[in-house]
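The same chain A turns up in both complexes below, where it pairs with chain B and then with chain C.
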Partner chain A sequence: MIFNSEISGQQQHTTSPVVTGGSVIALVYNGGVIVGSDTLCSYGSMAAFKNVQKIVQISQNTIYASSGEYSDFQQVVKELAKIDRSALQYDDGVHPSPKDYGNFLARLSYKKRCKINPLYLQNVIAGFHNKERYLALVDIYGTYLESNFITTGFASYFCKAIISNYWNENCTLEQAKQVIRECFKVLFCRDCRAHDVIQLAYVDEQGTHIEEPERVETKWDFNGFKSRANEKLHTQ
Partner chain B sequence: MNYTDILSSKFEPETTGTTIMAVIYDGGLIIGADSRTSSGQFVADRCADKIDYVHDRIFCLRSGSAADTQIIAKYVRYYIDAHAQELGRLPAVATAANLFRNFLYEYKDSLSAAIIVAGWDPYKGPQIFTLPLGGSVIEQKWSIGGSGSTFIWGFCDSNYKENMTLQEARAFVLHAVAHAMYRDGSSGGIIRLLNVTKDKIEREFIDYKDVPVK
Partner chain C sequence: MLKHLYDTDCVTWSPQGKLFQVEYAMEAVKQGSICLGLKSNENVVLCSLKRQPSELAGYQEKQFKIDDHMAIAIAGLTADARVLCKYMRTECLEYKYTYESHHPVGRLVFKVAEKSQHKTQSGAKRPYGVGLLVAGIDPNGVHLFETCPSGNYYEYKCQAIGSRSQAARTYFESWFHLFEKSTLEQLILHGLSAIKKAIMEDEELNEKNVEVGILGKNLKFTHLNAQELKDYIAKLETFSPNSQIQQE
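Moving on, here comes the complex of A and B:
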C-alpha cells in the first residue's frame, strides 16, 4: 500500500514504508492482557534487523506494540512518553490511563491521515487499569477499536481462526501464551516476513512484564515433506 | 516550476554507492569504508573519505546521496560541538545518533540518506547505531551499509563472532569491505580503516595493492 499525493512544486507527503515490523497479536486473559510480536524488522524483502524489541512499556500499566514502519513506531513511543511527562505539570498525581494513550494515538493518527501523511502503523495499546483489562487497536487511518483480541498484518488472515478455537477471554496466562505461540508458528511457516523468535509481554495487576525473546518450535520433519524430495516421477 | 525535471534529465545525482562497515570488538570498534564516489557511471572521487568526524570519539559512515549526507553530517557536527561545550565532557554516541535520526525522520520524503553512527563514550563504551532510509535507529554490535553491503551479508553473518580481538576485528572488516568492492561496481579504490578506543583514534590507509581481494 503506497500513498502518493502529487502536490507539484510544494512539499510532497508520500509515505511508503522502508523498515517494517511484522504481525502483532494481543489477547486478554483472566487477570490481564498479553501482547506478542516477533523480533524482526525487514528492509523490503530482506530480513535486516533480527533482534529488535517491538513491544515497549509506555507507563506503569500500559504497553504498546505496532506493525509497520519502524521509524514511525519509534516516533510514536516518543510522542506517548511526552503525555505522561506533560501530565506531571498538573501536579495532581493523576497518571494517564491506558485508554488515554489509546485515544491520543487515535487522534494523532487521524490528524496525520487527514494530511495524507500517515503514521504507517497498525498500533496495539494494552493495559490494566482499575482492575479493568484494556486492549485497543488504532490503525493507519486513526480508526479506534477496543476488543478482547487483536491481530495486525498477516496475522489477521491466519490467526483469527486459531484464536477463535483455542482461546477465550477468561483463559489463564499460560493458555493465552500458548495460543500466541501457536499463531506465530503458523506465521513463520506462511509469512515471508516473519521470524521464529518472538517476544511476549503482559500487563496485570502487578504491572508490566516484558519477557526475554524466545524461539517457537516449528515442525518440518514430516514424512510427506521428506519423501517429496525423492519423488519417483522421474526414474533414470 | 519543477526543478527536479531539469536535474534528472541532465545527470545523475552524486551518490556514495558504497561499502561501509563498523564492528565492535573487545575494547573498541573498527570502522571500514571504500573510497569511491560515483555519479552514475562516472567515478567522481576515487579517494573519498566516507568516515566523517562528528566528535572526538564519534564518527559517521554515509551512504545514499552525497549531498544529503554531507550537509546533515555538517549540521550534526555543529550541534554536537555546541552540546559538548555545554556538557563539559564527551557526548554520548546515542545523542549523535538521535540528532541524525531527527533529520532522517522529519525529512524522510525528501532525503536519500542512510547512516551508520559509530563511536565510543565513557557511559556505555563502544556503540554502533544503524539509521536506514526511513529514520529508524537500531543499535547493533556490527553493521554494514551501502550498495556493496548486499554482496557480503553471507560473509559477515558467517564470520562475525562476539568479543573479537582487535586483530580479528580488523581482519574481518578488511576482508568484508574488500569482498564487497570486488563485486560491487559502485564501490572501489582504497580501503580506509579506523580504530576507535577509549584512548585513541588510529586511522589506516590500505593502498589498492594491499587490498586482500582484487
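Moving on, here comes the complex of A and C:
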C-alpha cells in the first residue's frame, strides 16, 4: 500500500482513530471457528453507524474481522482480496490458506508500524484448512499470535472470565455461540462504545457462514429502574 | 533461407515468422550435458550427467536446491542458470517471509518464464541460454516443469533435455506409464537407466559423473551421496522395467 501522501513527502501519521468498531470475540469449537462482533461504528462517543458488517469473508475458508479504525478495516479487506485474486492471474487454482492471510497481515501491519503510521486495528483471522482450525490475532504493532480464542478491545477485560468458565476448545457450535452472546451482553452493559446488535460468523469444513445480525437479550424493565424510586427531585 | 539477414537481434522477425536469436538460444540448451526428471504420485527425481572440463578439474554441478520443496536441473550456459537460480531462491524466500508457506511451483515457473520472455523482446538483450527442469511439490501436487529460453514453459510427467536427450526420451516413451505408481527406488532406477541410454560408448556411469536429486511430499530436496549412487548404479545391472510390470 503506497499512499500519495507518502510519495509527495507529506507524510501523515495515524495518531488516533476517527470511526471505530468495537470488540471482536473469536473462539474455536469442535469442527470450526466462530467469530462475533457487534454492528456498531462509533464516531468518538456517538453511536453513528449502527448497521455495519464488520466480519468479512475473504476466501472460501477464511474470515476476517477487526476492531479499531473502520477505514483501515476496509482497506485491509481490499488488500486481502487482492491476494486471493492473484490465483486468477496465475491460472493455477492455488488459493492462499488462512495462515497465509494471517502472516501477510502481520507483515503488512509490522511494516506500517515501523513507519510510525500504523493500521489502527486489532485484526482477527479465522479459517478452516486441511481439516484444521485456524485462529490468529494480528495487533496494531504487527504481533502475530495463533490461539484457541481471541478477544480484542474491551472484551479482553470483561469477557475472558466468561470464556474461561463456559467454553472449551471442543464445545459445540451452539455452546460457543451462547458464550459469545453472553459476552456481548456484558459488553453492552459495561462498555460505553458497545451495541446490543451483534453478528456471528463461523467457518467449518463446508465453508464460511455469516449469519444475520441479532439483538442480544438485555433486561432494562426492572421496577426500580422504571419507577426511579430512589431518585430524589431537587427543588430549590 | 538467408538466415544471416534476420538473425542479428531479437527484434527482427524472419519472413517465416521465426526469431532466430531465440532459436539459437535453444541450441545452447541442446549443447549442455543431459539432465532429466521424472515424477510419480509421491516423488520427483532429477538425474543429470556432470561434465568434467579436464582431468584436473572437478565436475560441474547441474542441480540446485531452490527451497525445501523445489529444485532445478540445468542444461546450457551455467552462468545464466545461476542468475535464474538466484532469482528463484529470492522469490521463494520473500514468499516464505510474507506468507510463512512454500511458493507454489507453477507460479514461480510462470515468473521465470515471464522474465525469460522479456529478454526475447528487446534490441539490447539476449535470451537466457539455459533450459531448466523444475521439480517441486506444493498443495496442488507433484510437479515437473521445463522452461525454455523462449519464455515458454511446459509441465511434464518426465522429460530430458540437453545433448543426446532423445535417447532418454525414447526410454521414457516406452516406460512412463509405470512411473505414476513407482516407488522412489524404482523411480531412481528408471532415471539412471534413461541416462545410461544417453551416454557415449566409451563413457560409463559412476558416482562421480552422475547427480541424482530426490524430492517427496514428506521429503525435502536432497542429493544422493556417493555411496548411495554407487549402490543404485550397481542395482542397474539387475533392474528391468519388465519386472515392475509383473509386480503389478
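One rule holds for everything that comes next: the second predicted complex is superposed on the first by the 207 of 236 C-alpha atoms of A that agree within 3 Å, B and C clash if a C-alpha of one lies under 4 Å from a C-alpha of the other, contacts with A are read in each partner's own complex, and residues count from 1 in each chain.
By our rule, a contact is a pair of C-beta atoms (placed from the backbone, for glycine too) under 8 Å apart; a residue touches a chain by one contact, two chains touch by 3 or more.
Note that this is a predicted model, so its numbers are computed, not measured.
*Asks:* On chain A, do chain B and chain C fit together or clash when superposed?
*Replies:* Fit: chain B and chain C sit side by side once superposed on chain A.
*Asks:* Looking at the overlay, what does A:209 touch: chain B (first), chain C (second), both, or neither?
*Replies:* Neither chain B nor chain C is touched by A:209.
*Asks:* Based on the superposed arrangement, let me know which partner A:93 touches: chain B (first), chain C (second), both, or neither?
*Replies:* second
*Asks:* Have a look at where A:18 lands relative to chain B and chain C in the superposition and call it first, second, both or neither.
*Replies:* A:18 sits against chain B, while chain C stays out of touch.
*Asks:* Looking at the overlay, does A:113 come into contact with chain B only (first), chain C only (second), both, or neither?
*Replies:* Touch partners of A:113: none, neither chain B nor chain C.
*Asks:* Is A:160 touching anything from chain B or chain C once the two structures are fitted on A? First, second, both or neither.
*Replies:* In the superposition, A:160 contacts neither chain B nor chain C.
*Asks:* Determine, for the superposed model, which of the two partners chain B and chain C contacts more residues of chain A.
*Replies:* If we count touched residues of chain A for both partners, the winner is B.
*Asks:* Of the partners chain B and chain C, which touch A:75 in the superposed model: first, second, both, neither?
*Replies:* First partner only.
*Asks:* Going by the contact rule set out at the top, does A:43 touch chain B (first), chain C (second), both, or neither?
*Replies:* First partner only, chain B.
*Asks:* What's the minimum Cα gap, in whole angstrom, linking chain B and chain C in the superposed view?
*Replies:* Minimum C-alpha separation, chain B to chain C, in the superposed model is 24 Å.
*Asks:* Given the complex with chain C, which residues does chain A contribute to the contact?
*Replies:* Chain A reaches chain C through residues 90, 92-94, 96-97, 99-100, 103-104, 107.
*Asks:* Given the complex with chain A, which residues does chain B contribute to the contact?
*Replies:* Chain B residues touching chain A: 1-2, 101, 104-105, 108-109, 130, 132-138, 140.
*Asks:* In the complex, go through chain A and note every residue touching chain B.
*Replies:* For chain A paired with chain B, touching residues are 8-9, 11-15, 17-19, 41, 43, 48-49, 52, 69-75.
*Asks:* How about chain C: which of its residues touch chain A in the complex?
*Replies:* Residues 97-101, 104, 106-107, 110, 138-140 of chain C touch chain A in their complex.
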